[in-house]
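Before any comments, here is the structure.
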């Protein structure tokens, strides 16, 4: 897998809290890793979610997730979690994310994928949780 | 939504641990709720996963998840989480699950859906995490 | 250990989400189990925390915790988690809690303790998180 | 609070997963933050826990925790979590940890404390979970 400059990556270390009695990362926890990387991707665009909520009254809420679990990650693994925007509209955005092994490569030099997901995320009013139109400056910052 | 007798349901209460600063259930936590309901569904079929692992050396591992988030659940909500087997083969099974509101119904008397998911789950050797053939008695218990 | 009638107990099953790669319940998760049991103990006294917050603007916040981990709990273990009020004042309450094995007893018939904790819990204004005086009817319901 | 050179610190950002419906970090999650910082402190001493387990068959298990919650942390807060060894014997070690605010200081320039804890941690055989004597090279690396 080759990364172009437009793919954001965030390092995530696997701790005891992330693992389960199977000795591997518990399947729900990739959604935590993905959320951390999305948050840091937004921060890299100048978007702090708490500040954004204070200013606009809106928050992001995931509406759809599709996940493929390719190979288990284990305690102490050093992962890179990516975030790549694939669609952006007034009501929602779509982001593709991967949890990649930071240590291992195949003989051909490829990065190994632990989990990948496609997340659709809506913009809602934080008080009512009803869908809302994304502020123009937010939409522009995303694109 | 009508439940037939073949849909397994398990009560899940929303606690502080399940919520986030948006005041709603954090999106990853539905995967915890689904896993609890699957575990109890298996138990209802006489299948204890720890005992099964001790006896066969195998464990279930989720390989694919598709999730739709319909409406947020909140602190103190009493949910029913369902599990319904839709496919069973030697290498994997597919289960459809819903997190339903136990309190609320629409004017028409329908149950409200918070989240639904389709989970494909493989059977692997616990030591190597390599795919394995599901023991015949397990497959029969599932069907 | 003998239980008197005044000790509240709540069943907690150990799921995959609760365990770590050591094969045992991750140490932070007993605080989740304790919180669930406290919530259900409050509910048994007619106190719903979301309703209470809506009515009074206050929430409980833990200020001190002392935990002893006696013996590990494992996947599929059926625990009973207790809650016993030991002090109640206008600003805070103290609760002693235990995670007990529901299956195992010693030769002498005692229940085995996995974890026990003493929790001091303050009452704060939900908006400012500043300490507040507990409403009289709440204090009376607790005693 | 002044830090001497001997206090290890690890940055921890507060994400949605860490917060609850009170808008603050859920109380159990400081134990996750503390475990991450202990893991990184060990790594800074050349100790990888997975490698250590593979080599010696032993793991660390927390036996006692005492926690004081001083002030809530919130979404997007940038914390520093410290780890400072205060005792080391053949059977257990004691570590004092703090979750400090990385952004805020008092007028006097002090760092604000969100949570502090004292953790006693035993060394056990990973298979039996029975207490064991810490390997000499581990004990020396710690001191």
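Note that the chains take the letters A, B, C and D in the order they are written out, and that residue 1 is the start of every chain.
Here is the rule we go by: a contact is a pair of C-beta atoms (placed from the backbone, for glycine too) under 8 Å apart; a residue touches a chain by one contact, two chains touch by 3 or more.
All values derive from a computational prediction rather than experimental measurement.
Undergrad: Among all chains, whose Cα centre is located farthest from the one for subunit B?
TA: Chain D.
Undergrad: Any chance you could check whether B-C or B-D wins on number of contacting C-beta pairs?
TA: B-C
Undergrad: What whole-number Å value describes the gap between the mean CA coordinates of subunit A and subunit B?
TA: The computed centroid separation for subunit A versus subunit B comes out at 23 Å.
Undergrad: Distance-wise, how many Å sit between the C-alpha centres of subunit B and subunit C, to the nearest whole number?
TA: 26
Undergrad: Report the inter-centroid distance (CA atoms only) between subunit B and subunit D in whole Å.
TA: 33
Undergrad: Multi-chain contacts in subunit C: which residues touch at least two other chains?
TA: 16-17, 22, 24, 28, 32, 35, 74-75
Undergrad: Which positions of subunit D touch subunit C when the two form their complex?
TA: Its residues touching subunit C are 22, 24, 27-29, 31-32, 35, 59, 61-69, 72, 126, 129.
Undergrad: Please give the residue numbers of subunit A that touch subunit C in the complex, ascending.
TA: 16-17, 19-24, 26, 28, 74-75
Undergrad: Which bits of subunit B are touching subunit C when the two form their complex?
TA: 13, 15-17, 32, 35-36, 39-40, 48-51, 74-76
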